Each structure stands twice: as C-alpha cells, then as structure tokens.
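For reference, chains read A, B, C, D and E in written order, and residue numbers begin at 1 within each chain.
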Amino acid sequence: MSVSNLLENWSDFRHKHPVEDVPHDPYKWAMSIDLDACTGCNACSVACYAENNLPVVGKERYAHGQAMHWMRIERYWPEDDREFPDQGAQFLPMMCQQCEAAPCETVCPVGATNHTPDGLNSQIYNRCIGSRYCSANCPFKVRYFNWYDYPTTENVWPAEMTQQLNPDITVRGKGVMEKCTFCIQRIRVGQRNVKNEGRVLRDGEVQTACQQVCPTNAITFGNLIDTESKVHQQWKAQRVELAVDEQTKDTEEGGSDLRGYRILEELRPYPSVMYMERVRESAI
Amino acid sequence: MSKRHLLAIFSNFHEAEAAVKELRNSSIKGFDANQDLIVKSPIEHPEVEEFLGNKPVYVQWFTLCGALTGGLLAFFLISGSQANFFDQVKGGKPVVPFPPNFVLTYEMFILGGVYISILGFLICAGLPARRSPLYSSKVSEDQIGILVKTDEESAGVLKGIFTKHEALEIQEEAGK
Amino acid sequence: MIDNNFDRRDFLKVLGWGGAAVALSGCGNTSIEDGKETVVSYVHAADYVIPGISVYFNSTCAQCEAGCSISGRVREGRVLKLEGNPDSVINHGKMCGLGQAGVQHHYNPDRVREPLLRSGDKGEVITWEKAYALIAEKLNGVSGDQIDFLTGTVSGHLKVLLGNYLDSLSSKNHFVYEAVSPAVQRAANLKSYGMEMPRFNINKAKVVVSFGADFLGAWVSPVHFSQQYAEFRKGVDGQRGVLVQVESKMTLTGANADRWLVVRPGTEGILALGVVNALGAAGLQLPADVAAAVKDYDKERVSKDTGVSTEHLTKLAALLKERTPSLVLLGSAAEGYAHGSENAAAINLLNHVLGNVGKTVEASAAVPYPQIAPATGNSAGLRMVNNRLADGQSKVLFTYGTNPVFTAPAELKFKENMAKAGFKVAFAHYLDETALQADLVLPLNSALEDWGTIVAEYQPDGVQIGVQQPLMEKLHPNTLGMGDILLALIKQRRAEEYKSFDDFYSYLRTALLKNKSEFAAAGTDDDVYWNDLLSGGIINVGGASNKLAGKYSANIQLPAPAERDQNYPLTLIPSVTASLRDGRNANQPWLQESPDPLTTIVWDSWVEIHPKKAAELGIVEGDIVEVSSKNGSIKAQAYLFPGIHPDAVSIPLGNGHDAMGRYAKGFGVNAFQILSRVFDNETGELAMHETQVKLSKTGKRIIVVKEEGPVGGSQQGRKIAVTVSSDQVDLSEEV
Amino acid sequence: MHRFIRFSILLMGLFAASSSYSAEAHLAPLTTADDLGPAIEQPIEFPHFRHAKDMQINCMYCHTYARRSSVAGIPPIQKCIGCHQSIESVRESPRIKKLFEYWEANKAIPWKKVHDLPDFVRFNHERHIKRFVFQQNRPVQEVCGACHGDVKEMTVARRQKPLSMGWCISCHEKEHVVTTAGAMPAGDETYKASPMGPIAAGGMPVGDQAYWYSMKKPAVDAAGVVVAKGPNDCSSCHY
Amino acid sequence: MKDIREDIAWAKINTDVLKSLESPRKLFWVIIISALTVFGIGVACELYQYNMGLGVANLDNPHVWGLYIATFIFWIGMSHSGTLLSAILHLMHADWRKPIYRFAEAMTTFSLMTAGLFVMVHLGRLWQFYYAVPYPNERWIWPNFQSPLLWDAMAIFTYLSSSILFLYVGMIPDLAICRDNIHTGWRKKLYTLLSLGWEGTDRQWRNFRVTYLTIACFLIPLAVSVHSIVASDFAMSQQPGWHVTSFPPYFVAGALYSGCAAIITLFIILRYVFKFEEYMTLAILKKVVRLTFAIAMVWTYLNLIEYATVWYSHDEVSKAVLIQKATGTYAPFWWMMNFCGSIVPLIMAFKRFQTNIPVMMVVSLLLNMGMWLERWMIVSPTFSHGYYPWTWDHDQWPSWVQWGVVFGSFGWFTFLFMVFCKIFPSVSMYEVKEMVYHRSLASKKLEVAGMQESGKGAH
C-alpha cells in the first residue's frame, strides 16, 4: 500500500541528492574541457549535428534565434580597453552542463526532464508538452526548443538527407525541448554491451561525438566514479568536487594555481562539466 | 389526521414579524411554531432568526471536514505518487519535498473546503427541491410569505391571525 | 572469407529497416502501427552485416587536400556519419567540421544525377553512351595541343589515369588550379629547404611564430596541426608552448595566440627581418651576410613600418632566443603580395637563423611512386588556361574538381573566355558556376561512392596513401566515378591496352596488387591482401627519406611599405575560413550553419572592419557597405571586428554563389570577383592581398545573423570563460 | 449533529481510500491482458507453427540477429533457400514457389512489421536474450514468447501482447534473482582494480542504477545472491 | 451626488434588472460582433501556430516565453477584483459593493477561463496537455508536483471552480426571481433548473448566509495564493529579475489593481449598455475609484520597493536586468508602464474626476494597459538579459501571431462576459434590495448622520 510504503521508507524519500549517502554508482558521467586546448574550430559542433540529428534551421530561423546547436562555441573578447585583442579570443564550448541539482528538472510540469541514476539530466521527448519552463529556468540557456516541425520543414531534411539521420536517436518533432544528452545513445549501447559481459564500462569505451572528433582532445568525457578514468583524475587534480559550490581554487590559499572551474557555480546547480582556464603566456 | 398548509403573504415586514410572534406565542392545536412555520422572504432577514428562534446551521462542519479531507488527500496523493513514481529525483531535491507539497496541499484544502461546503449547503438547505405548490412569485419580489402547517380544524384560527396582521393574500392547500 | 560471386556492393545497398524509420515519424501521439511499416531483409547477407549494428568502413576524406583517413559509420546500407580513422598518421582518428560535412556532400539534394547536354539555356538529360560518343566526336580532328584539362588537386591512381588519357590525346595541357593554395610558399620552401612541403613539427617547438599561417583553421593540414598544437600547448617537460601570430586579420590561429601582433598589411617580411636584427642585438650569433642584410632593420624603423611596437619586438626576440627550438611558419597572409616571395624568404630566413631547420622543420618523405604524388594546384594554372582560352588556343576544355568561373577574379574574364572554347566538358557533382557554362556536364559519384587513392601533399610521417572506397551503394544510379569515366574515355583511344579493366575498381585493384610484395608478407593471397587494405583504408609507405637541401639567401629585397592610394585607402584581405575555404563546399548546410568561429556569422558574407576605422567612416554593425576595388564592387554587411588592422578590411571567401543548389545560392557575396590582377613577382601567383578598396555606405542596414548576442563577446564581468596567466599555473602537474 | 460527524467520517474515509488507491495504482494490473494485434497480410504467408512447433527449430536459428543486435531481424532469403533447396517435398507448394521467385529475381521480400513499438522507444533484443537465454538458461521459446506470444501456434505472426509502456514496466518492476558467484571474468585485472565492487552474473553490477531510485543498495547474501530489478529510469528506453 | 434611492420600489428593481436581460442598448450588439471578430482573428492565429509550430509566434531561444505568459498573468490578475468585491468587501460589510459585485465575479470567472486558454496556447504540444493532469494512468506516471506550473494549474483550477460555485450560489436567489418572472422559452427552463427550487425560506436563507460567508472566507486566501503561486513561477526560478522575494505580494497588489481598473471599465460599459444608471450609481463609481487609487498606491510602493531591493542588494546580475529595462530596448514600454501604473492613477485623487465617466473610462483603460505592460516587462526583459551574456537578445519582437492571439483573448473575454450579462442578472437584485432595506432601516431608526454612510467603513 502506498501510504505504508511512504511511511516505511520515509527517511529514504526525504534524502537529498547529491549527498554522500546516495551516490551515483557505478556511473556518474562527467566532462572536463580544457579551454587552453580548445581552438574554437567548431568540429565538435558539427559532430553533434551529425550524431544527434540536429536540424539545420536556415538563415531566416537562425536570425530569429531558433538555431538548434546543442553544442555552441562561444567567442569572447578581452574586456579591457585595448585596441586589439592581442591575446586572442577566448573560445568556450557550451552545452548542457548536466547539472546535479538542475534548475530545469524541478520546474518541468510533466517530469519530462529528470535525473538518471548515472548522473545525466535526461530529456524524455515523448513526455514533453513544450511548456519551455526548463529553458526559462536554465541559467546557461542550453536547451533548445523545436519551434517548427523540422522533419517536415522544407530544406531541413530533403529526401536524400534523411538517410544520414542516426537511427539510434529520435528526430524531434515540433513543440519538444531538446538539449545535449552526453550522447546518451552511445552510453546506453555501451552499458548494455558490458552488462552482457558482466562488467562495467572502462574509460574510453564510450566517447561522446564531440570528444571523439576534437582535434586537440580538449574534451574529456568519462565516468567520474571510476578512479582510473581521465575525467576523474582531472577533476581530482583540479580539486573540483561535484556537490560543492566553491572549490579549493577560490577558497583556499594557494589554490590559484589550479585551473578547474565550473560556470555559474554560485547558483549551485552543481554542473557536471568542469572547464579548465585558458592559459596565456606572460612572457610575451 | 389531515394537515392543512397555508401561505400568507405580507407586504410589510413588521406586520409579518408581528404575525410570527403571535403564532409562536399561541398554542394552536396541531401547530408547533418550531416545526410548522416557514418564513419565505425576498431578501435575507437576519431578524427572522431572532423571532423564529435560533436554529442550528451545520454547513461549517461540512466545510471543516471537506477542507481537512482535501488537504489530507492532497498530501497523501502527492507524496504517495512521488514515492511510487520511479523517476521523481529532480534538481537535487528530496523525492518527497515539502514546500511544493504544502502548496498543493493548501490548494486542495481550499478546494475540498469549498466543494464540500456547497454540498453541505445543498444538503442542509434541502436543495434542489421541487417548489412547494404554495408559493407566490411575490415572495421573490418584495413580499414576505409565512407558510404554516396545521391541523385542518385550526386553519381558521391561523387565517384569523394572518388577516389581523394585514396579510394581503392567503393561499390554502389541502394537506394529506 | 568472401566467395567469388560476392559483390561487395550488394551489402552497401540501402536496407529499409523499421528501426531506422523511427527517425522521421513525427512527435504526435505515440502509435502502434502493426503491419504498416515494411521490414526489408537482405537477399544475401554477409556475416558482418547485422541489422541495427553499425559497420565502419575506412576511406579517405575528399573535402580538402589534407587527406585525412576517415571511418564511415554505415548502418543498413546507409552511411550515417564520418569519423576519423585512428590509424591514420595524419588525423589520428580526429576530424574537422568540414570533413564531417562530407556526408552532406554525398546526400546533397542538388547533386547532378544524369549526364546533361546543353541545349540553349537548359540541360538536356542524355545517356552515357551518347555523352561518350559526343566527346569522341568533338575530340575528333582536334589536335592534342588544343585540348585542355583544368582540374583541382589530383593525386593517386586517378592522376595516373588522367595522365594516360591526356597522353592518349597527345595533350600536355593538364593545368592544376587551386584558388587558395600555398603556391608561393612552395617555391620559397624549395629554395630555403630544398623541398616544397617539409614537415613542420609544431609539437617539438617551444615557441611558434606564425606569419599568417592559419594552421588551426584552413592551412595545409589543419586537423594534423591541431593535434600537434595540443601537444605543443601541453609542452615539452611541462613548459607550455608559446604561440605568436603575426598577421593583419585575425585568423582562428591568431585567436588562439598568446600574442597576436597586428602588422600593416604586407610588412610581414620587414617584421621578420626586424626580428632577425633584434635577435642579433640580443646576442644571437648571426651569419655575416645575414647580419649585413638586416642591419637596416632596426627596431625603430621596423616598428614604424609594421606598426608593431618596439617593446613587443624586443620581447619576441628575447623569447625566441631563450626558448629553443622554435618554429616559424609562413602562411597565406604573408604570401599574398607582389613581394610575397620576398616576404616568404625573409620569414624562412628566420627559421635558419634560429637553427630550427632540421629540428622543427624536417624533411618530409618522398612519395615512392612519383606518378601518384599529388599534382598541387596554384593560380598560375588558371592564368595559363585563361590566356589560352582568350587566344582561342583551346578548343576542348575539360574541368574537374575546380570552379574557376566562381573563383577567378572578374578581371580575368574567365567566364567570357571560357565561352570561346568550342566544347566544354565539366565533370561535376553539382551544377556549379563552371558546370553551368559547360556544354556537357557529366555527373560524378560522391566521394563516398567512389573508388580511388589519395595522396596528400603534406605528409607528417612517411607517406600515407589513402584508399578511397564506396561506403554505400550509389545514391543515384546514373552517376559515375571520375576514374570510371576516364577509363571509358581512354578506351575510346586505347581500347586494347585497357580492355582488361571493366571499371576503375579493377584498374585500382590491379594497380595496388602489383606492389603487394612491398607491403605484405610473402605469399599473401591477393584477396586477403586486398581486403586488409580496404579494411585499413590506408597504405603507409615509408618513403625514401629526403634531406633538407636548401639554403637561406640573405639577399632579400623588401619594398618599403607602399603609400596608400587616396582613392582606395584600404587593403582587402580575402579570408579563407576553415569551413568554406574557396567555396566548393558552400552547399553543405552544416558548414553554412556552423558559425564562423571569430565573427559567429552564419549563412552569409561580411566585411570585417576595425571599430576605430568604422567609427571614422560612420559605419555600424549591419550597415550594408559597398566595397569597391578598381575592378568592381560588392555589397555586404559590415561587421565591426577588433582583430583586424585599421587599414584593412576582410571579406571571407566561399560564399556568394549564384548556382550550386539551395544551400549555396544567394548567400553572401563572392570576394574573388573584385580581386585585382596583381601577381607575385617571382612565381606569378595571384597576389590575393594586393587589392586596394574603398568603403562606402549604401544607407541600408540589416540585422547581422550571427550567434553572438548584442553585447558581442563580452562576458559582462561574469566568470564564464576565464584566462589565467601562464606564470600562475604549472601544467606539468596536470593530468 | 451526530449524523454530520458520521457523514464526514465516511467522506474522509472515502477520500483517503481513493487517494491511496490512486497513488498505488501501479499495483493494479498495468494494462489489459493480452490484446491481440491486427491480422496482417504478408507477401508470403509464413507458417511459424511448422518451423517452430513441428520442426522444433530454435527461434534464433532464423532470427539470428536477436542475440547480437538491438533488432531481431528477418533472415536473409539466402537462409530460407539454404534449407529449402534440399527439401523437395514442399518445393512445389505455392509459398515456396513464391520464395524461389523472389530468390531468383534477387529481390528482397517486403515483409510487414508485426511488432511495432510505439515511437521513441528503444528496445534491445540482445540484452534480453543474453540475460534470460544465455545467463539464466531459460527456454528460448519462453523468453521470446514473453513478448511475442505463442508464435509456434501461429502461421503469420500476430501481436499478442500489448507492448505498451506499462506492460514493459510490469516486467522491469519484477525482482529477478541474480547471483554474483563466479561473476568476475577470470583474469580481468583491469576489472579487479576497479573500485566498483563485484558484478553479478546477470551482468548487474551491485549498486547498479536500478537501485538508485529506491535509494538503497541491495544486500548481497553469502551465496552471492542479489535481487535486482530491471532498469527503470525513462532514459533507459527513451532517448 | 445621487446614490441608489432608498425608497426605490423592490418591484422596480426586479423589472429594471430583468429588462437588462431583454433589451440592452444597441451598443451591446456592436460589442458582441466586434468581440467575435477579434476572437475569430485570435482563433485563426492560434490555428496557424498550432499547425506550424510556435516559431511563427517569433518566440526564440532565449525568449521562450513571451506575450502569452504575460497576458496569462494579466488575465489571472484581472480575476482578483471579483474576489475583492464579493469576498473581501462582503466580510467588511461594505454594502455599496452589492450592485456591482455580480459582474465583478463574472469577470473573475471569465478572465480565469481566458487565462486558462493561454496556458494551452503557449504549450508546444497542446495535444498532449493532459500529461499535466494528475490522473493515475496505466504507466503510473504522474506530473511533476514540484513544478510551479503545476501548482499554477492546481491553483487556477481551484480558483476557477470555486469562483464559479461562488458566483452561482450567490446568484441562486436571483435565478429564482428570473424563474418567477420569465415564463417562456429556454430561459424559463434554464432558470428553473438553475434556481434549484429556491423559495427563500428561512432555512434556505440561514444556510445560504453561512455558506456564502464560508466560501468568501476561503476565497480570500485562495485569491492571494493564486497570484502568489503565479508569482512563484517566476520567483521560484533562478532567473535574474524574477528571483525576488517580494514578487508574491507585488503580484497580488498588481492583480487587485488591474482587476479594479477593469471593474471601472466594465462598470462604465455595463451602466450604459444595460441601462443600469440607477443602480450603478456615480456614488459607487466614486468608491471604486477611491479603492482603486488606494491599491494603485500600494502597487506603486511595492513596485518601487522591488526596484529598490534590486538596486540596494547589489545583485549585479539582477541590477543589469533592471538597467536594461530602463534604458534598453524595452525602455519605452517600461517607462510607459511606470507612468500608467503610478502617475495616471493620481488623476483619481481628484474629486471631480472621480465621477467623471469619460475621464475614468480613459484612466481605467490606461491603468489596464499599464498593468499589462507590467506583466510583459516582468516576462521578457529577463529573457533578453539573463545570466548568460552570450545568449542575450535585445531584438526580439512578438510576431503578429502572438499579438493576434493576445487580442483574440480580449474578444473571447468580452464575448463571454457580454453573453453572461445578457443571460444572467448582472446586478444582484436581492442584494440591492437588502441594501436599500438596511439603509432605509438605518436612516429611519438612527438619526445620527455619520451612521448613514456606514458603507464607507470599507476603507
């Protein structure tokens, strides 16, 4: 009976996540992006289009801010008053940060976006009714809404081009919110394969499309729990912790030689993507 | 023993009041002022209660029960479904989070209260009902009606009282 | 493992699979539609074909000339995605955006599907037999000297076959034209290093000074260099590499530099010599002739000429002296002037002076079979064809892999001259501008349907021959591979010699099997070898090791910076972007929709203007400005861009097509059109940066379609993309 | 007064009952029992009963992809011909004749899909077959029949199960016994070094995602027996 | 100034009000036709949007919400006036509310229904809206009870159904009057059915009084909760400019404000269209105007407090949004909103304007526009200028589709409202009778002048 279930497991249901006593296990997917290696070449973004069936919306819709790039490359200029940006531009690949305490999840009226056991912020397209509250509440604005029915929109996928679509993932119709999934289709295939073998995924067995393509290996993706994984080691080396909103770098003396940070951490969404600061030579 | 219904229409509220008072003080056979006297009026006259004697109203009990049930229902329905819905882990919040549940509980508290009050009103006021044959549309306009039920033989006495108090009209209907 | 009847292409056939159909069913009510969809199974099936499981076939990317090896993900007979082949020494499993868009080249809805014969303004669909007969007829009675073949870069067995065909026509007129190519550099490198394209080891350098070489974006082999760059940044012994970029318009590489030095357009050579001078002043031992040659290039003068401050010059010299080895790269921005060759020589001199030759500049391996080495393109090829056409020397013109009508400056009047040829055949994937001018358009297989071998010009490690193989069944039944067409044509001439080859595939197989003994263990079966070869997708040939032979020359005559023409006060820099290059891929929507990394503009062309200059001219973002050179004018939206010299404006190349299909036609403007006819003094290459222009407002203003918001690239003080100074962090402690 | 109190107690009881009923609605049967799909006309009326019942052919003899791929697949005609070439007795039957027509024309047979899942659902045959046939040694026909019904009694296959989400979940919610004994792949040093604890033979790592929502790690008893449920977050099947 | 005559014959009240059901002025039909036309345009826009996708509304990333949500809040806000007049003033024994509370309640109901439409219109997948309804389906999936949108849905449902019941219960005695006086046609059946056999017996009145009072008591916290829940759609989110603790009271004040302004507008229209000059007297208008003025000042205070909080707290991000509102693309609208919301109501402070019908008509329309702009200025600027500068977008402008639907909603509301007034008595007859009765009693019994205007005790 539900009430007895409720009472019996009351303390469990009042648990909070993320907390120490209910960790993700055995997977917690996370990323780290080395901004010093990122050159802003856009290969990841195109890979995302190819892998995730993203529609090309065309100039008109792009102008209206209806682009669907799950992974966008942002370019910033130094903000002081120099005549030229003589230390170059800053590039930042931005996609869903897969927050542990995601602001988008709580507000969805139908529960179409929620937290998976492996630490992803999932988006269930067929549950989505298109209220767009999640996007309204996303501080990073990395959720993209299908403003039109792209599968039937002219020149988005002409007959021949439909053959390129990835059958492992849905093509979203109008009125559905979507966003970076950390290439969940690849993760799920990987997980099933290793389950058959009776083991867990090793580092590198599942790559996201953007990671796979990145010419400078700026993107590292992996299982944060697995101490062998590169992403774990990077997070550890940078002393960035998942469920903390102020990292060693900012709080402790001598932390300034660390590069790892997370964007808008002060809002406490606990993002799963760690960025590493871009470095610029001081001698020149 | 057969009963007779009488409806007297008054245009003057004070005359009607006086008539009622007289009826209540009289001891007519087969007529009990507490049960057999109904005052019909176009507006709500709180004074009527004074001279008809206080009669209890139970609607507020309905309200209380309704509101409590609504609130309880909401809390248990929502918490229960959160506990059973397999992917309610959201945004770093507990599976059964209090603040949203309280908001919904509050709303359902009101909803239950209002609905059950209305239900209570209908039950207590005896609505919906067929209109009694002794009814005048004047009552809904500007006149006071006094409906009495009495033994056949006492009808004349009552009529006398009504006429004394300048009843405009007296309708009669033979009871069973 | 595969029996003789087995036709590999059977398994590349598109299999209609229910699972795949999910893709396009709408997002309405979920429905169960038993018995509505069809599930088609194969008639035959190979063991490795499992519905629902992807098979990866290796091939070679044909989107640019870098020759990256790709791995195509094929499922149910359809190629879905291109990934990198990890075994390739060029790209090590990585890809760029341009390469990935190869599937859109393949599935492009605007491909030519049938042979087309011009009849009036229209193309009439004809059969291949008729097309071949027509070619035979037109070639009849035309002497070999009157037949011209204008192609883009070709290499591998296609080049061999093309050579043989020209041979059979007794024509020597194979012109290779690439609108954007490091042609001046090749000549300069040949002098300085003894080879056109040595190896540049960015990863071994501690300092890289690049004079306009956009090696992360569009220069030579970007994916390879990007990987090297990543290593370079991690550094040798944890000492992070320092990148200094010298150019007048910021490229993607410039945007990643530790120090971006903006120079007055055309003064790169002066700066290079200035650095040599400063190095001497800083105590570096300079050869006497060099010291003499650079003695006039003192800091003050160089600073005055180039606009680079003496402070930065000093710091740069100090850095180069202190951290060795370093690497100086020479790119298109330095080459594109009338004195481009001198600029190049001066920049290469810097490598010699710094002792980088042999360390970070290394000899590349020679291709063991010279006949398959790439025929690299330049603009001289176009000039020669153009002259021949203008003079009426050319009667029959074949074009393949290049779009001269689009890329030739209007002043060359190529389009008009082309009309003078009696018969023009275009081998084309799309009806591009050149194909539209042709009399006969022969539809080609896409790069993902075709057989071939590709040898890249830039070879980082030995020589890698990329094998190109079909990843799926032909999309359109009436297209043919370039090799197949050439073979058919050559059979018109030398039927006997080629009769054993049914198609290009058998030609290729025979040719590659011929050298089996060199690459396979003795006694390997032909089929086994062949299958290994196809599954590997690459043949790594050691290549004879070359030696760097060239020597620097201290005799460099650099002109003083030119006075500006008052009427045309600005230098036009036609920029080559990583995705659109010279425009041959402009009809691939992913490329159009990926924002330009620096301006974030999509689906259009723009004019980059320095904010200071713009303020002077009263131009704001979105103004439609007219950019006029002496040879014409184009109108495009203005974009205020801090990364450009105030005396220069820049327009990206690649857009502005008036043909080539729905994704290319009508977007942007074609900056090739207004380039001036100025050529490099030594090589005769078109000097791309020598066009002087003026700007005028047209009074119209539009909203620029771009990714960045109204505050441009400002973070508004929020901690989003953070930079840290290198002395604060120690990269060697990192993972 | 009393009747009002009595009435309200009744009312509250009613509400409480209905609330707790609706909140635990999942305990009620999740869907209607077998709902039969439409009869489907196929290009060749394939007699499943003959193959599966009379001949006792293993399902996965023909539907061989099921154990290797997410889709079970229809065998290539090659496979049908492989046997039927040497079965002279039925060679002249109309169905076989049709089969040979397709074979000779080198044409694929346009079979109609019978078991069509609702859109946006990913079902993986391989995982289910591996789990139940290979790891738990259940009979093939039982395992396949769990979703495909009693195919051996059919001619042209027909959908027998609802294939709705509630129906799927009703199975995923069941607790399946998994044993960890001998689960560690021998000699897999990488794995031993992994911090994630032992793996059950069913391929279920202890502390697997399936437990996350119940917020409790399942206990492994001395014999290495764990009780595990199927994965049950939305994104397991919808993405 | 003339108020309702105390000696007005009760029968005349009946006839006058019942006449409004039969023969309104011609303007009524003009209003009905224009409302239907506007509504038709709205429907056409919505159909187009439904077929094409929400992109045609010119919504984009980051402007995922636009006029729809702003107008939704506007309509929700509008609904609060009914509750104010019928519930709050009822509890305060302000008898002047009696002739006008009926239409205010109808306004509550219909504006809530209109608001509900916007929830639908705004959905990307309207055809799946039932996913947000909590029902135990076979997949045992529930809506997300944590979402403020769901609280909204629940609150609005509660409010709408309670308001309808309240309106209905309060109308029963009047329906009985209609039943007694109209003897033909479908109306007779309708009134007979709806009046539930009301006879005005003492038992009925007794229970009626308690019920009415109880529901009024429930409605007040409900109304407050509804708009504070709407406020929490914003305040519970993280976005700068929304994440403000003073939002709930601010929203409630804004709601009462716009509701009162709408009451003035409708008061003037009904007064003319249904010839209610004798009942909707200028004395009542004066009271409503004064009430509105008071609320306007409360709103102004809260509005300024909100700015001050943002400014003083030194939350740079929220401050940036505020500065953007005042100086950026939205500046004209923002200043107009402040002007209409805080300056225009000052006219109401002048006695001679308080009863000047044309002036009040204009003022009330301006106030309504100001309050609509207020909602827009809450919704859109935050999207234009949120946390993430890269996604800022100051150029977004709603398309004609969005405007069409917004205007269409006004047509829909007007249509429903006018039809209601035509079918049901929009002046509460029995309560007007009560009012004159009590007033005459008071003036007869007590000669104390101050007590005559006991209605003023309301404020």
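Throughout what follows, a contact is a pair of C-beta atoms (placed from the backbone, for glycine too) under 8 Å apart; a residue touches a chain by one contact, two chains touch by 3 or more.
Since this is a predicted model, take the numbers as computed values, not measurements.
Colleague: With centres defined from CA atoms, tell me which chain sits nearest the overall protein centre.
Modeller: Located nearest the centre of all protein C-alpha atoms is chain A.
Colleague: By raw count of C-beta pairs in contact, what's the busiest chain pair here?
Modeller: Result of the pairwise contact count: A-C comes out on top.
Colleague: Specify the chain most distant from chain D by Cα centroid.
Modeller: Checked the centroid distances; the maximum from chain D is B.
Colleague: What chain is the most remote from chain A, judged by the mean position of CA atoms in each chain?
Modeller: Looking at centroid distances, B is the chain farthest away.
Colleague: Between chain B and chain E, what distance separates the C-alpha centroids? Give it in angstrom.
Modeller: Roughly 30 Å, centre to centre.
Colleague: Could you tell me the distance, in whole angstrom, between the mean C-alpha positions of chain A and chain B?
Modeller: The mean C-alpha positions of chain A and chain B differ by 62 Å.
Colleague: Scan chain B for residues touching two or more other chains and write them down.
Modeller: 76-77, 80-85, 87-91, 93, 95
Colleague: Enumerate the residues of chain D that touch no fewer than two other chains.
Modeller: Correct list: 20, 22-24, 26, 118-120, 164, 212-213, 215, 233-234.
Colleague: Could you list which residues of chain C touch at least two other chains?
Modeller: Residues 17, 19, 22, 27-28, 30, 703, 708, 714-715, 717-718, 720 of chain C touch two or more partner chains.
Colleague: Show me the residue ranges of chain D that touch chain C in the complex, using the header's touch definition.
Modeller: Contacts found on chain D: 37-38, 40-41, 65, 68-71, 73-79, 102-103, 106-121, 159, 163-164.
Colleague: Over in the complex, which chain D residues touch chain A? Could you list them?
Modeller: Listed in rising order, the residues are 20, 23-24, 118-120, 122, 124, 126-127, 130-131, 183-185, 188, 190-191, 193-197, 199-205, 207-217, 233-236, 238-239.
Colleague: Which of the residues in chain C come into contact with chain E in the complex?
Modeller: 27-29, 703, 708-711, 714-718, 720
Colleague: Where on chain A is chain E touching in the complex?
Modeller: 61, 64-67, 72, 74, 76, 94, 103, 106-111, 127-133, 135-137, 139-141, 143-149, 174-177, 264, 267
Colleague: Of all residues in chain A, which touch chain C in the complex?
Modeller: That would be residues 35-37, 39-43, 45-47, 49-51, 53, 56-59, 62-63, 67, 69, 72-79, 83-92, 125-126, 146, 149, 151-152, 155, 157-167, 170-176, 209, 212-218, 230, 233-234, 237-238, 256-259, 261, 263-264, 275-284 of chain A.
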